[in-house]
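Structures incoming, each one as structure tokens.
Both complexes below contain chain A, partnered by chain B and then by chain C.
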Partner chain A sequence: MNRTASAVIIGGGISGVAIAYNLAKKGMKDVIVLEKGYLASGSTGRCGAGVRMQWGTELNCSFAKYSIEAFERANEELEYDGDIEFKQGGYLIVASTEKEEIQFKKNLEVQHRLGIPSKFLTPKEAKEIIPYMDESKITCATFCPKDGHLNPFKTTDAYAQAARRLGVEIMTYTTVTGIKTENGKISGVQTDKGFISTPIVVNAAGGYSKHIGELAGIDLPLYPERHQILVTEPVAPLQGPMYMSFSMNIYLQQCPEGSFIMGRGDADEPHDGNINSSWHFMEEMAKTTCELLPLLKKLNVVRQWAGLYCMSPDRQPLYGSVKELEGFYLACGYSGHGFMFGPATGIVMAETILGQPTTLPIHTLDKDRFARGEEVWEPSVV
Partner chain B sequence: MLEKTGIATEQDLAGIMPPKERLAQGPVAVIECFQRIPCNPCYTACKRGAIQEFEDINDRPVIDVDKCNGCGICISNCPGLSIFVIDETYSDTEALVKIPYEFLPLPEEGTFITALDREGKAVCRAKVHKVLNSKAQDKTPVVSLIVPKEFSMVVRCFSIDDFYSDNTIICRCEEITLGQVRELIRKGYRSLDEIKRISRAGMGPCQGRTCRQLIMQEIAAATGVKMGEQRMSTFRPPAKPIKLGALLGGDDHE
Partner chain C sequence: MRIEEHPILSFKKGPKVRFTFDGKTYEGYEDEPIAAALHAAGVRTLGHSHKLGRPRGFYCAIGNCSSCLMVVNGEPNVRVCVEKLKDGMVVETQKGKGDLR
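The block that comes next holds the complex of A and B.
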């Protein structure tokens, strides 16, 4: 199988299929998506699937707001025959230190400037939203009713089906083994199923983005970091919003089908692509949850799993072209929020590849910002 | 009882069952012939002399299980359709049951049917392993079925319809029907994990203990990729559901 494409997108997660959909919608023909497993088999399908507008930088707030508004319309816009199961139960983000409370107030100012309907809550008001929380553990909270949760498999499926209808070819179980360049330009992609001639390659490979960079001879300042999640048996509706704390390092929500999904960060997680499960996580997760939300100690855990964050030095994505290699584009380094930025990634990447002005600004998110000392730090991540 | 219903009782069967040790060694014929009638083609058909010579043509056949190698020639030669070959060594969990079958249409190899017991009651789902219908069978085809081992001495006939219908729930935790799984396979979801992720089959409290096998069977039936060659999903802790509170250790023994 030797063939030609206008653009090859590496990675069949939310980013890859959303970029392909937008390119095809804007009229590009012969777009190919390459995925080494099946769609959403990597970070997208392993994520906590929460989406929120409550961020600390204007940039993240606007990317998130754009994406959440797109998720609200997605079933109709993508003409999906299923349901992406978007539940907007809100995010309750709690502060447990004074320093955190000051940061939250700053975040709210940024959010309100952009028209995000978030609000400040006292511990008592927060307890009205999640009655079984131990409010003595917190100093304040913020809440945004537009935040929520959706099904990452179905969302990816919705984009993939829409992209296919527009002529995009999605090749699953196809591994990229090399990227060919000529005179500083992309000329093709070698896969285990043959060679594809193309002037454009998009690196949307999630946890494997650094490796794809290496195949193109481009050193990317990224590393994969394992993050773990557990899920409980389904129970009757208990909790509307996501419960999240940055300082206590936890996020926890009830999915529409009734199970609770919860995860936490850990400074000691391996950086080598390992996605095995650890007992340490299970214990720590149980400890934090039972302390903050005591009622939940009765829930039965049915499974834990792990996936990879693609970490960048400032915890922000790398978007756009690479000056050393013409035709090589980056959509990676999300550091844990790639799924929720999917629709925004799709549109800005398609626009930048086609040389159009971007709907949202991405010029500060190029790969060389670190060399220039222009990192864009986000204060609010787990 | 046998005279009235034509169905062998446990007592009837006790006298003709091959010993467990013999069953563990490989295929062997089981002759469920309980009536004295003038008939001896089984004896003349067996080339190994495993079916002993009849003193009186009305005698019931007696088989020497150590001489029998389970070749199955006697199956088609019995006018009463009362000989079966049982192979309990087919796999760790499954046995082969070879059955004389004189109905039309014949089942196709690889399809699923409803296995029946001696009374004609549905027992389980079984897969058709082979259909022998050459000159040697002389219009008494022999169908071999793959059945769960515990049913090797129960299944003695089958009906050609699948034991499962599109409405059969195959993931009980998430209530996913066979019809839904078949539809997903038709749409192009071709591995256990793909089906699990798009439908939630296997995501419930039992974590796929029942549906995993059944979904893989369906994928095999639809795509021809054998179960052993399909991609398995990842096994993750905990092995069985455990309360968050129990993970804390300490005093809480709820």
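The block that comes next holds the complex of A and C.
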């Protein structure tokens, strides 16, 4: 199979399918998405799937706000015959240190400038939102009622189906083995199923983005970090909002069908791409959960899994073109928030590839910002 | 019906105890699985499927399948196939998903 495409997107997660959908919607023909497993088999399908506008930089706040508003409309806009299960039960972020409290107040200022309806809560007010929490473990919290979570598989499927209807070809179980360049330009992609001639390659490979960069001869300042999640048996609806703590390293939610999902990462682990599950995680996660939300100790765990964050030096994405290699575009390095940025990624990447002005500014998110010393640090990542 | 003889396993019979299931009093043997006592008493429906409410019976018998989740002494989601029977236990059919509150 030797063939030609106008653009090849590497990665069948939310970013890849959202970019493909937007490119096709803007009229690009012959867009191909390559995925080495099944759709959402990487970071997208393994993520906690929480979405929040409560960030610390204006940039992340506006990307998240755009995306959440897009998720609200997604079932209709993508004409999805299923349901992406967007539950806007809010997002409660608790602080347990003075440092966090100071940061939260700064974050709220940024959020309020952008019209994000987040608010400051005392421990007592936080307890009114999740009555079974141990409020003595926290010093304050912030809450945004528009935040929430959705089903990452169905959301990816919704974009993928819409993209296919617009003519996008999605090739699953297809591994990229090489990226061909000629005179500083992209000329094609070698896969285990044949060669595809193309002038444009988008690296949306999530935890494997660094490797894709290497295939193109571009060194990306990224590394994978294992995060683990466990899921419990379903119980009757108990908790509306997501619960999160940076300092205690936990994100936790109850899915619409009743299961609780909770997860965390360990920044001190080797960055070797390991996605096995560990006993250590199970024990520590359970301990933290039982301390913060004692009622949940009654839940039985059904299973656990792991996935990869693709970490960038300043915890913000790498977007846009690469000046050393014409036709090579980056949509990676989300550092744990690639799923929730999916709709924004789709639109800005399509626009930048087509040479259009971008809906949201991405000029500060190029990969060379680190060399220039112009990192944009995001303080609120878990 | 109880399994009295088994080629590999031996079943020690504890003293006879009384428990209630959905308000009715039953007898069983202490430390046998609650499900064994219910089965011996002729109870065949242990739970219901979440979506369609279809009856669910004794199935995996090793605590894996969630077919026999019941409310025991007020605790939801108890797998009665692996939970030992004690004197005076209050066993109830679980309606819908377990409620932690």
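Everything that follows uses one rule, which is that the second predicted complex is superposed on the first by the 381 of 382 C-alpha atoms of A that agree within 3 Å, B and C clash if a C-alpha of one lies under 4 Å from a C-alpha of the other, contacts with A are read in each partner's own complex, and residues count from 1 in each chain.
As a working rule, contacts are C-beta pairs under 8 Å (C-beta built on N, C-alpha and C of every residue); 3 or more make two chains touch, one makes a residue touch a chain.
Source: prediction; values computed, not measured.
Novice: One more residue to check, A:Leu92. First (chain B), second (chain C), both or neither?
Specialist: neither
Novice: Determine, for the superposed model, which of the two partners chain B and chain C contacts more residues of chain A.
Specialist: Touching more residues of chain A than the other partner does is B.
Novice: One more residue to check, A:Gly258. First (chain B), second (chain C), both or neither?
Specialist: Only chain C; A:Gly258 stays clear of chain B.
Novice: In the overlaid three-chain picture, which partner chain does A:Lys287 touch, first (chain B) or second (chain C), both, or neither?
Specialist: first
Novice: Classify the contacts of A:Lys154 with the two partner chains as first (chain B alone), second (chain C alone), both, or neither.
Specialist: In the superposition, A:Lys154 contacts chain B only.
Novice: Once chain A of both complexes is superposed, is A:Lys298 in touch with chain B (first), chain C (second), both, or neither?
Specialist: It touches chain B and chain C both.
Novice: Does the superposition put A:Ala350 against chain B (first), chain C (second), both, or neither?
Specialist: Touch status of A:Ala350: no partner.
Novice: Quick one: classify A:Leu238 as touching chain B (first), chain C (second), both or neither.
Specialist: It touches chain C, and chain B stays clear.
Novice: Regarding the shared-chain residue A:Ser41, is it in contact with chain B (first), chain C (second), both, or neither?
Specialist: A:Ser41 sits against chain B, while chain C stays out of touch.
Novice: By the touch definition above, which chain A residues appear in both interfaces, chain B in one complex and chain C in the other?
Specialist: The overlap between the chain B and chain C interfaces on chain A comprises residues 233-234, 296, 298-300.
Novice: Can you name the residues of chain C that touch chain A in the complex?
Specialist: Per the touch definition, chain C meets chain A at residues 50, 66, 69, 75-77, 96-101.
Novice: Spell out the residues on chain A that touch chain B in their complex, using ranges where they run on.
Specialist: 38-41, 45, 153-154, 157, 231-234, 257, 277, 279, 282-283, 285-287, 289-290, 296-305
Novice: Residues of chain B touching chain A in their complex?
Specialist: Counting only chain B, the residues touching chain A are 191, 193-194, 197-198, 200, 203-205, 207, 234, 236-238, 241-245, 247-248, 252, 254.
Novice: Which residues, counting only chain A, touch chain C once they are in their complex?
Specialist: Residue positions touching the partner: 233-236, 238, 258, 295-296, 298-300.
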